[in-house]
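First subunit A sits with subunit B, and in the next complex the same chain sits with subunit C.
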Partner chain A sequence: MATEREPPPLGDAEQTDFRELEDGDDLFISTASTLESSPTSPEPASLPAEDICANSNGPQPAEISLDDDLEDLFAEATEEVSLDSPEREPILSDEPSPAVTPVTPTALVTPRVEPKTIFVPAMFERSKEELEEEANGDSFDMEIVVSDPEKVGDGMNAYMAYKVTTKTSLTIFNENEFSVKRRFSDFLGLHSKLATKYMHIGYIVPPAPEKSIVGMTKVKVGKEDSSSTEFVEKRRAALERYLERTVKHPTLLHDPDVMQFLESSELPRAVSTQALSGAGILRMVNKAAEAVNKMTIKMNESDAWFEEKQQQFENLDQQLRKLHTSVESLVCHRKELSVNTAAFAKSAAMLGNSEDHTALSRALSQLAEVEEKIDQLHQEQAYADFYLFAELLSDYVRLLTAVKGVFDQRMKTWQKWQDAQAMLQKKREAESKLQFANKPDKLQQAKDEIREWEGKVQQGERDFEQISKTIRKEVGRFEKERVRDFKAVIIKYLESLVQTQQQLIKYWEAFLPEAKAIA
Partner chain B sequence: MASTPEENDRNSKLRSVSVDLNNDASLMIDIPDALCERDKVKFTVHTKTTLDAFQKPEFSVPRQHEDFIWLHDTLDETEEYAGLIIPPSPPKPDFESPREKMHKLGEGEATMTKEEYTKMKQELEAEYLAVFKKTVQVHEVFLQRLSSHPVLSKDRNFQIFLEYEQDLSVRRKNAKEMFGGFFKNMVKTADEVIISGIKEVDDFFDQEKTFLLDYYNKIRDATTKAEKMTRAHKNVADDYIHFSATLDSLSADESTALKMYLLKLAELFEKLRKVEGRVASDEDLKLTELLRYYMRDIQAAKDLLYRRARALADYESSNKALDKARLKSKEVQQAEEHQQLCCQKFEKLSESGKRELISFKGRRVVAFRKNLIEMAELEIKHAKSSVSLLQSCIDMLKTN
Partner chain C sequence: MMDAGIEDNSNHDFSGYDVRVTDAAQNGDTFVYVIKSQQISSDMEYRFEREFEDFEWLHHCLLTQEGVTGLHGIIFPPLPAKPGTSLSNSEAKTKKKIESLAMVDDWQMYCRALEEYLHLVTAHPVLVKNPAVHSFLKHREPPIKTKVKKGIFNKLTQAVEELRKEHHKDIDDFFQNERDSNLTLTAFTKAAAEKFLEIVLTEQKIAIACGHFSTALHLGIGQDDDPADYAFAKMCLKLSEVLDTVKKNFEKVAENDLNTLGFNLELHSRFQDAEKEMLFRRTCKLVDVETANKNLGQAKPHKKAAMEDIKKAADKEFDEISGMAKVEIQRYHRERVRAFQKALIELELAATCFCCSSTGWLSLNSHV
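Moving on to the complex of A and B:
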């Protein structure tokens, strides 16, 4: 019965929400089908369709207007809960409420994705997953390179401009290869927009790289030493990783701000990025988390999964920080080793010059040369230690903060729902009191308010369901990414170590005959 | 700690800064045993001899570091040996570095896991042991250089050192003498300045002086830099311990496919750190210790040059005195005798000095060759084993 349906005419948006009809009767042709447990007239809660269409810049929480337009119940897609999820239970409550929730932008802002014509019952989630698989798996074809840092301007107003080149075969973009010039505040601006749009509904938005006053000042002032070059390189690499992570996220990839960032040659200057830096956003999130904790939310956790995951991420965070510290120490010591080896090389060269035995003198000079090459080797290895490992770890420490933030948003959402329920209770009590007073006006008002808050309660519940669901998916994706990232980096790092050792063998094997030649 | 055959073998391999000295059966010395009590190290000096000068064919005595210093200084001050390079005295046992690290480790115990702490402690104990072995070796070599020297081996004080069963502290410098020695060094330095101004008559010694003065400065600098380098290398090896331990705890908490990766990585780094540690200690023995030893040896050679220059100055002033006496016709006999003595002394010094310096150069070149070859071979060996460890880990991870 639910196998073949034509895609409902929903403008450009793709229809992704389907639910098997229980009794097949109440099919709302306007858009999606809904799950209706009973044919009783549903509570008036309509969703203006326009809220969730391609024109919007992101998902807005569906506004529930108390229109009396009872027929137009399902202007847009239905709730994104699969039939079998436990979260469904609360929805099939006494009050048959049309479980309507805002559809995520992925489903909507995809003007060029072919709408699926085969609708498998209760497969909403899966079909969306298939979409994401396409975005993430073999057919994901997108390469972003941040390069050519260029200093623009002079003095304290100077800044670094980076070239952002995108190579892709995805059809959502106008071309296959294009590049733009961006500065650091542009990246921060992008992140702040994404965080504002997506974090409160449970999406893990990759954090932008940190601001660094010291680093940037050196560059502005024109200090052309190795530390400022290192700083620029570190930043360039961090910006590249940031973009790569962002576009790997199927939802964020299709976000118009992201596409604009990658494609359009002119970008409006992001203002007040001071507050909107990666650190700024995370600070906001942390403050929210603190506030949440201070409210001493004793959340009635119906799903142990969330508690477990939170604990797991807490542990992971601690361990990663510890590992990061140990890698930093390694980098530091290796750099020291490199410097000391260089100093020894010079000293050995001087000793070789001073030596009056010819063959020994030559051998000592050769030793000096070997040690000089080795010091280079140590330095390169230190770079590998850093850029491969240390930066990966610090990226993940910051990502975990975003993850924690998202869990806290869920708590906030839950609290909002509870608050709405409390308010509804109050209104009901007020109404029942008024029942016995002879004030028809006030009674009507009370009834209206009850209806309003009932709607809010339903919305709160839906929001909570939605964010819980989103988080589950996001966490799944995050873990997959994490495993992939770490595996790749570990292999690369080990290969760098192998290379270093093989070079060492070469150098010493070249030296050995020189030592043997001492007569 | 009694030494087993393997330890003896290892000890002989350690004894690399100088060529094998202990092969003259008429007088063989070694330090088979040593005890470390707080700051003091007690060496057991064991002698085997066929010479009649000694009372027994085989005997052992306990000696402290200060006894070695006494022996060296006594030889150094012996007029008769002025034309010889006196083997440099062994440096004081220095456990400062591992002790400091052990202290720091104790302070940081709370921040690390039990396994990590145990590993660090083991590593430090090994370091302590390495310092200990080094100091034993250096004291042993000192004695062996004496025993293999044709003249010095017959020295009476040397025999006393080897044989005398009682405590030597009675014979050691008392405070007054020590101060005397201190002043003597100061005077020597002042004299050196004066004497380096003396016109050298002999090309050989002229070249040697120039060479040794310059070479000493260079080798001293190289020793310092080499020591810094090997220490930094040791730090990297130690960092691998922490790295491995943290990876281990990460792996324990991990439930994804990463668990195995992290575990393997932790195991790998535990093995790698042992290799890196050996690289650091081999560099230390073959390079730093080599440079350090010859730095001190060159100082001894410089001392010889100084003594000769002093004798030259004496000879020249005795000539002047003789001329003056002849002029005044007063005490000419005395002046002539004195001049004769100075001349003989100077010529004897020059002759023996030349011999000593030539053999010293030969010894130095041989030792450098041996150690540089051994170091290069060890570096290659360790790098190859690192490569094999790394590669097998990579292969294992890739196939999973």
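Moving on to the complex of A and C:
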């Protein structure tokens, strides 16, 4: 692995990648445009350098190059983690060696001209750990609120604008508190960009809330009924959760797209997120192609951890879906109960009014009031617990899709590596043939190509190892978060249950004297 | 067959009865109800079975008994509607309207309704004297039934005449007011009963859904080796426990609601109908009186005496009915208010008590 230490081969590899990508015309397209936002996106470019932010303290550097410290840690990373080893958490969470400091702009070596892209994740490892420490410690302080949905425009071109307010003490932002107006397609655009950048190297990018043509049409048309307000509220809450999840991820938090989303007042419109646009059609076609591809990749899994995890997530997915169905039916019945209680309250009131016996009449009116209050209570509780539960479950079902996507990306990376190896083999065969044919210029070209593909093979292997490592870490994070999220919701539910019961007691106790006073 | 007392009314002890409808059992196509009755004054306890037809026969006997002044002025306690062929209620649950207590999933409720009917009959000072009552409550064998003749109480004929006579203006303000208020009260009581029973149904549905949710949480609890899965599984189990409690909560609440206010509202919406029928009978009599007066006025001299007799008979009957009706109405309202109060208090007490206990449990067990 000595070659790893030398920048030039790396540089070459990167350069070739870069060139290759340019040929493929994939690279500089704004990620929102033709690349789909789903986890199974086609082979996207490696990260455009401009978008990478690797440090926590300064503004985004325009270009990042490897400097000596980073080479060291990169090598360290590849040496110590192999595919066969079980998840090596200790290595990844080691204290950063004193030699490695967070990369600040001043520490950058003069940027090289050729390699526009670097192997970023290695660098991310270290600084990301530090970010994580910061995140887990007291200094992570970020609160995002999505509020004030406002209808902008008229008719079918109308849309809802949401106010996104961020309160933070992190220094990467310019201010401590700021807010912007965003519309739903902006969120989708953000997700699309993030997915393109990070999913293929193994990061679990939280999925954005789902589109709903029916829901939005109702809102656009201007139906001011409870179902459309409910829809807007549901969406608002989902957008808030989406942003919270995204910024909880230490890497994503520092992504310039995320920061731009939160901070800048104007955002270029993400047009290609429309369902029926040309880009949308392209997405669907790509998705179908991806599905076919997936079926044909048969990977030699050398690490049982991945297989186990995949199975585990399959099971979890099933379970969550079942739970979601149960909870949904409960929410539905709760709503029904609320409706029925309100209807009964009305008829009790009417009965009370028509009753001649004054004390009974008063008692019945009181009963009607109690029932109305109980109805309110039912509504609140239905929202507070089961509804939130249902939303959490559906969030996680979608998150699991992202997780599965990341595993698929690993398979694709493996495939790419294998393909490179196969290609290298072919080139070698071609070269040996040429040696016999004695054509010196073509021979040179063949040798060059061999070197090129050797580099690619190495790159492929590195990519694969890297993505495996990243996935392990991401899965660990996901698991922790899963437990935390569910625990929070369950506790909230229990608390609200107790509160509801106590409130019910109060209402009924207030009613008793009226009932007793009848006779 | 001990028929010792059936012919001679004077041998009867008219003291109150303690009647229980303890059970319902399916006997082929029909249901039989097990009844225990004991007269307060004696120690004899009778236990026998009756079918719904026996109740109908009893009701018919009460309606057609002879020798009672102002019989038509009595507000007859209403008999519960005939139960469907099976007491299972999956169909009923899908129906939107609750038409009778038999539809709500509880044969116990239905037994209680029958029991209440017998209570009301035996508590009525006039009706309890009917020999059919004693025959019903004391004899092992069901009474011999003849074909129930459809008399004036046939709803079909009533429907036709109703439209004509129902709005016939009354000569007495008391009765006119009573008729008016009966009209509105009946409608509202029915509506309230319906809506309340719907609440009960929904509460039962929620209980079932909680049960499903609780069961679903048990799925996938298997592998304990993964720490995240283990923590998750623990949470699910805890939540499942809580949901079981919530489920029992709702079941209890539904039962409680049904037993108190639900039962009361349903009974009284039927009772309102019974009062309405009584008032209608009286109104019909009023029409007869006025017709008789008119005929008398228009009668030819040789018929005058006969008309006079008819008029006198009609007047007498009308006065008797009105007299009985007034007493009945006052009694009815007193009883209604009392029963309502009882139901509301019971509803409140049970609700509070139950909320307290479940709050206690929840506070103790909320640690995840």
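Convention: the second predicted complex is superposed on the first by the 358 of 519 C-alpha atoms of A that agree within 3 Å, B and C clash if a C-alpha of one lies under 4 Å from a C-alpha of the other, contacts with A are read in each partner's own complex, and residues count from 1 in each chain.
Just so we're on the same page, a contact is a pair of C-beta atoms (placed from the backbone, for glycine too) under 8 Å apart; a residue touches a chain by one contact, two chains touch by 3 or more.
The model shown is predicted, which means the values in this text are computed figures rather than measured ones.
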Have a look at subunit B and subunit C on subunit A after the superposition and call it: clash or fit.
clash
Where does A:Leu367 make contact in the superposed view: on subunit B (first), on subunit C (second), on both, or on neither?
both
Once the shared chain is lined up, is A:Leu512 touching subunit B (first), subunit C (second), both, or neither of them?
both
Taking the superposition on A as described, I'd like to know which of subunit B and subunit C A:Gln458 touches: first, second, both or neither.
neither
Touch test for A:Val498: subunit B only (first), subunit C only (second), both, or neither?
both
Subunit A contact set shared between subunit B and subunit C covers 312, 315-316, 319, 322-323, 326-327, 329-330, 333-334, 336-337, 340-341, 343-344, 347-348, 350-351, 354-357, 359-360, 363, 367, 479, 482-483, 486-487, 490-491, 494-495, 497-498, 501-502, 504-505, 508-509, 511-512, 515-516, 518
Can you list the residues on subunit C that touch subunit A in the complex?
181, 184-185, 188-189, 191-192, 195-196, 198-199, 202-203, 205-206, 209-210, 212-213, 216-217, 219-220, 223, 226-229, 231-232, 235, 238-239, 242, 246, 333, 337-338, 340-341, 344-345, 347-349, 351-352, 355-356, 358-359, 362-363, 366, 368
Footprint of subunit B on subunit A - complex, ascending
312, 315-316, 319-320, 322-323, 326-327, 329-330, 333-334, 336-337, 340-341, 343-344, 346-348, 350-351, 353-357, 359-360, 363-364, 367, 479, 482-483, 486-487, 490-491, 494-495, 497-498, 501-502, 504-505, 508-509, 511-512, 515-516, 518
Quick one: which bits of subunit B touch subunit A in the complex? Just the residue numbers, please.
207, 211, 214-215, 218-219, 221-222, 224-226, 228-229, 231-233, 235-236, 239-240, 242-243, 246-247, 249-250, 253, 255-258, 261-262, 265, 268, 361, 364-365, 368-369, 372-373, 376-377, 379-380, 383-384, 386-387, 390-391, 393-394, 397-398
What residues of subunit A sit close enough to touch subunit C in their complex?
312, 315-316, 318-319, 322-323, 325-327, 329-330, 333-334, 336-337, 340-341, 343-344, 347-348, 350-351, 354-357, 359-360, 363, 367, 479-480, 482-483, 486-487, 490-491, 493-495, 497-498, 501-502, 504-505, 508-509, 511-512, 515-516, 518-519
